[in-house]
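Order of writing sets the chain letters: A, B, C and D. Residues in each chain are counted from 1.
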Amino acid sequence: MGNHGQVTPGTYHHGHHWKNAHEEFEGAKQGMWVFLVTEVLMVGALFVGYIIFRAMYPEAFHEAHKLLNPKLGLLNTFVLITSSWTMVLGVSSIQRGQVSRCLAYLMTTVGFGFVFLIVKYFEYSHKIHEGILPGGLYTYKELAMDKVPLFFSLYFMMTGVHAFHVILGMGLITWVMLRVKRGEVSKQFFTPVELVGFYWHFVDLVWIFLFPLLYLLG
Amino acid sequence: MLFREAYALGLPSQGTDVAVIWDHLYLFLLWLSVFFFILVVGGMLYFAVKYKKSSGAKPKYIVDNHALELFWTIVPTILLLVIFGWGWSVYKKMVHAPTNAMEIRVIGKQWLWNFQYDDGRVLTNEVYVPQNVPVKFVMSSEDVIHGFFIPNFRVKSDVVPGMFTTIWFEAKQAGEHQVFCTEYCGASHSLMLAKVKVLEADKWEAFKRGKPVQVTGAKPEASLTQLSLPEQGAKLVAAKGCNACHNATGDAGGIGPTYKGLFGHDVELADGSTVKADENYIRESIMTPTAKIVKGYNPVMPPFQGIVNETEMNAIIAYIKSLQ
Amino acid sequence: MANDHNHDSSHGHHYILPDGVAFKAFAALLVLTVITFALSFVHLGSLNYVVGMLVACVKATIVVGVFMNLRKDDPSNTVIFASGFVFLAIFVVLTSTDLLFRGNVYTNNKPIFKAIAGPSKFKKPWEPTPELVAHGKDVFSQQCVSCHGAAGEGNGPAAAALNPHPRNFTQDAGWKNGRKPSQIFKTLKEGIAGGAMASFATLPMDDRWALSHYVASIGPNILKDETADLAKIGVDPTKDSAGSDAAPSVPVEWAMKKLVQEAGAGSGKQVVPGASDSLMHYGDRLDAATFSKQKP
Amino acid sequence: MAHANSTSHGSNYLNHEKGLWSWLTTVDHKRIGLMYLATVLTYFLVGGIFALLIRLELFTPGGGNLITAQTYNRFFTYHGAIMVFLVIIPAIPGSIGNFVLPMMVGAKDVAFPKLNLFSYYVYLAGGIFATLALFLGGADTGWTFYTPYSIRTSGAVILVVFGAFIAGFASILTALNFIITIHKLRAQGQSWSRLPLLCWSLYATSVIQILATPVLAITLALLIFERVFKIGIFDPALGGDAVLFQHFFWFYSHPAVYIMILPAMGVISEIIPVFSRKPIFGYKAIALASFGIALVAFIVWGHHMFVTGQSELANFVFSLLTMFVAVPTGVKVFSWVGTMYKGSLTFNAPMKYAMGFIELFTIGGLTGVFLATLPIDVHLTDTYFVIAHFHYVMVGGTIMGFVGGMHYWFPKVTGKMYNESSASVAFWLILLGFNLTFFPQFIAGAQGMPRRYWSYLPEFTLMNQLSTIGSWFLAVGFAWTAIYMIRDARKGPKAGDNPWGAGTLEWQSPSPPPHDNFPVDPVVTTWPYDYRGIKI
């Protein structure tokens, strides 16, 4: 008798140390929320660094943020919000047992993830080509004010960590789609889809704060 | 550590008035801690003896006592706030330098201290200050974080690259006071020592006019002129911080090459070529060390331009010459 | 195992988010994003900042409340998630009590600028203005007095030991690079090869221009820079600022290339073994002065 | 299949499955606890050897008698990094916590057993990275990795930093497991006020781990990016701020010292009432104090940075807030001594270690008040006074609690009883050795001897020689403890299911406990510290 829930199509045998399946799912969900707190703190520390440096060097950061392209940022925000929406629809369709609809929604979500990364790729390659790089590698001639490279160190770290989490999220969604296809995840046991949904929404949440902070307010 | 007379309970001697009021707070905390230690650990041992099971003690069912618990929560809080208040009053005196303080620029770099007076004079690992005159050190670092600590004056501050930090003191005790580096800064962190030399008023005037001065209480160092050239070189090499990386023992494992057996011999450089170690080679390696880098050593030596003048250079070369 | 296995097949009661509610939330998020974007063009000063963050918080609450279903969930999850932000707030507030309240360090009752070069404060610094010359005098007393003396006659306390003797600014004779401000600026940036005049490239650019104008003003007659002189040192007079050339330290690879040329070692491998990481250590020793020395 | 009788040692978690593979792939929290214990003790040995080498070098003033400066700097970095990241943070939560917490709440296992095994392997991976660094050039930055030196120096700093980065995740996963276990898997009838105090302490520790460790993760990641891509956030030469690194670092590292001490306090709160045969004094106050410490832990980190160029306002704020740390800690110590009042005391090894804990931790705590007071810290910080202070609270606190806990749960884990007289010899060796090692350092520190010094001035010779001699006694004490514990684990006399007459749930199951912890799901009816009904 495995310690964790063994899933045979149709019925779900909850882990033997849990009282019942409902307790186990609630436990898993709360565990996910605790994990999301650690993500909040990790990404949040970067925001703290940004807020403090912006407060120390407002004019340098204002000049530097003009080099960012707000239109691409806006496009990415729309992309991520739509992907959050399709993710939610995916979760509710698996809860209703509509497997094919769920797979379709999850597929679109991953698709939007790719769109986001492609837009990110353009932004990064444009900057690297121009020489707008973090810290010591900054060789962009037009704007040579002091502390501008520091802005781009923070920009590349924050958007880089976020992009890394987007890639992780897309991997998780693909993994959960396989489990749905194999029938392991179903109407009775949809927790994996729900929790991967939480992770994706969190990634979108980070971008919701990142976009105005870096692109618009500067 | 020039203790002169070690103060009670191992504290260093009191070089300034701030040190006196500091010691009062320190001793208050010390006796308060001894009292609480006896209260807690003494109480514990007393209970251990009195309520031993083997002496027939029966356990009494007590769960808690709100009055007592409230008591030992509030009283420590009040006590701690008192300590904080007293501490803040002492701290204000320690950090706010009087506006008329004499300023000296201190530059910390890997493994030596440079002191720059207003008239431009630079001293390495030693600084002369007048007695009973407030002196303010404005400090910055050229490479990594160092820490500037004068135990006798109870002052300490990190020396951080990219920003200025300051300490101030009004030395009461003439004589030498030890300075330590207290923020880990690399291989010779523990050799990055300096001395604050406090001079009486007349000696201070003599020093300002550039005359050599004998510091009270310090070992009478023969003034430079009475020493032979190699002995002067030896003293300078120690004073200028060279011994932090180089040595005269012949051990090649240091951060910089050894002086022993250097003069007149061929030196293999990093780029494969070899050059004879003559006066010009030694002068150039001191003034602009990056010009020729010896094989197997990292090019980390700072330029000593403006720190080692011509007379000192001749003494150092003579000293190295004497180490065959 | 003693305990039995109840085959609890269903999830008991669980809330499925109706598609209608999901769409309304999605629409709200899109609208709010457009509002944020539009607001960024309206210039409200610091208020701009507050509004931007408020809208972001509203959007975040929608995502967390509706999409992540915290509305209908066990309230302890909300407490857990909110605690993350509380401790972030503590982190920001207490760290900024240090970084934002350091204030300047005062010397001779004047605040000295932070050791790191701040953004250039003077427009077109290559044009002499009384304010620049005064700032030049101030920097001169801190940096140049030890060799060139208080009045610039080249008789500072350290001058006796220097060979060749430091320049006497009050006379016209003996200037290697010339007495025009742009030429003095070049000397300040690169130092003089073979002499005791080190490079002062680590000084912020404004200080160096100010010094150039002050030193030029000591001399018998004040010479003017033409655009040709300025072009020689890469300054385009039409622009406001000449960019900052005082890179206190340079990218490691570029430095490595430079060191190899300087040591005349042909290919990279003959440089000091293990030079790459020692170079990192060497990085902070690197300043423009080292590169200015042409091999004699 | 019901158990024949609870005392037969037929099937228990040790012989439930056989073979190394069954251990390496176990999801049983008891086995994972033992694996954590083995790895932690190995690293404790490695860290201890570096400590002995450092003390040997410092036997004489002026460096170079045993090792060169660079080697010495690497040794104190390894001693610090290994002891902090790989020994003292995972020690009690990883080994005792994993083994005892699920049993104390009457559960069959932690909430996520597979995650628990994963956390052990993440911890092991972190440890291996750090150990690898030892052979590939090592790091000489000190365990605090202060920039810009940690950016500039050569050597395998990235490996050590990456090792600590990985080990941090193990600590997050363990904390996550414990929080959900306590929330969701408590036995029937076990209300919050019937939860043992070790569970309260581990709960508070887990909250700190969840909220602090991620900031360490991002800080160490930024440091790696600094070294590789020169991003310059913490490098003043590239426009960053070195003191900001210290804020990021200590925002984790001060709560981390409470991650270290809280579990040990939990163990002491379990041991003292059992050997006084009297309920713990002020149960609610101690449980509340655990949470008080967990909250105050997050607002005081600036007291590590009073002299690093921090603004006066920050010094004022952090010094004032640090004063409040002593209050909940004081409540706990007074309550423990209060528990012994009018008790019926027996002095088995766990009780000796608990009393040793109180003696050493009181000195550590009181010297903490010195360092919290702003002007006093200006003189004493970065000297050997600070070294003595944190060894008194870390070794005198956490390690004494850990060794005391190992003796207290020894019968439950192994089913055998350790030898009391051997334990007594080891205890006195450790207590005297510890005091002889670290008390002279208080005096050397007050005189102004800076920390991390390879060569010191002759004035400090006596104190350092006393300290080195003390370190030998300490080493012998710990070595002897290891020997007799291994010996008695194999050949010791059989121990009953509840040799101490304790009231917590784990003592209601046989020793060593079966795979599923309890023959019958336990129902909690009484408060765990009411010993009137229990006969020894």
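In this section, a contact is a pair of C-beta atoms (placed from the backbone, for glycine too) under 8 Å apart; a residue touches a chain by one contact, two chains touch by 3 or more.
Remember, it's a predicted structure, so these values are computed and weren't measured experimentally.
Enquirer: Considering C-D alongside A-C, which chain pair is linked by more C-beta pairs in contact?
Expert: A-C
Enquirer: Going by average Cα coordinates, which chain is farthest removed from chain A?
Expert: Looking at centroid distances, B is the chain farthest away.
Enquirer: List the centre-to-centre spacing of chain B and chain C in whole Å, with centres computed as mean CA coordinates.
Expert: That gives a centre separation of 31 Å.
Enquirer: What is the distance, in whole Å, between the centres of chain C and chain D, each centre taken as the mean of its C-alpha atoms?
Expert: 41
Enquirer: Distance-wise, how many Å sit between the C-alpha centres of chain A and chain B, to the nearest whole number?
Expert: One centre to the other, that is 50 Å.
Enquirer: Going by the touch rule set out above, which residues of chain B reach two or more other chains?
Expert: As it turns out, chain B has residues touching two or more other chains at 143-144, 161-163, 165.
Enquirer: Quick check on chain D: which residues sit in contact with 2+ other chains?
Expert: Chain D, residues with two or more chain partners: 148, 152-153, 183, 211, 215, 230, 236-239, 241, 243-244, 251, 309, 312, 516.
Enquirer: Using the touch definition from the top, which residues of chain A touch two or more other chains?
Expert: Touching at least two other chains: 16, 26, 30, 34, 37-38, 40-41, 45, 52, 56, 136-137, 146-147.
Enquirer: What part of chain C is in contact with chain D in the complex they form?
Expert: Residue positions touching the partner: 1-3, 76, 83-84, 87, 90-91, 94-95, 97-99, 101-103, 116, 248-249, 251-252, 274, 277-278, 280-281, 283-284.
Enquirer: Touching residues of chain D toward chain C in the complex: what are they?
Expert: Touch list, chain D to chain C: 1-2, 148, 151-155, 183, 211, 215, 227, 230, 236-239, 241, 243-244, 247, 251, 298-299, 301-302, 305, 309-314, 317-318, 516, 519-521.
Enquirer: Across the complex, what residues on chain D touch chain B?
Expert: Touching chain B: residues 63, 68-70, 73, 140-142, 146, 148-149, 152-153, 236-237, 241-243, 276-279, 281-285, 307-309, 312, 315-316, 319-320, 323-324, 326-327, 330-331, 333-335, 337-338, 340-347, 355, 358-359, 362-363, 366-367, 369-370, 373-376, 378-379, 381-383, 443-444, 446-448, 450-457, 459-460, 530-532 of chain D.
Enquirer: Quick one: which bits of chain B touch chain D in the complex? Just the residue numbers, please.
Expert: Spelled out, the residues of chain B in touch with chain D are 1, 3, 6, 9-12, 22, 25-26, 29, 33, 36-37, 40-41, 43-44, 47-48, 51-54, 57-65, 68-69, 72-73, 76-77, 80-81, 83-84, 87-88, 90-91, 94-95, 143-145, 147, 149, 151, 154-158, 160-163, 165, 178, 180-191, 253.
Enquirer: Where on chain D is chain A touching in the complex?
Expert: It comes out as residues 27, 107-109, 111-115, 172, 175-177, 179-180, 183-185, 210-215, 217-219, 222, 225-226, 229-233, 235, 238-241, 244, 248, 251, 516.
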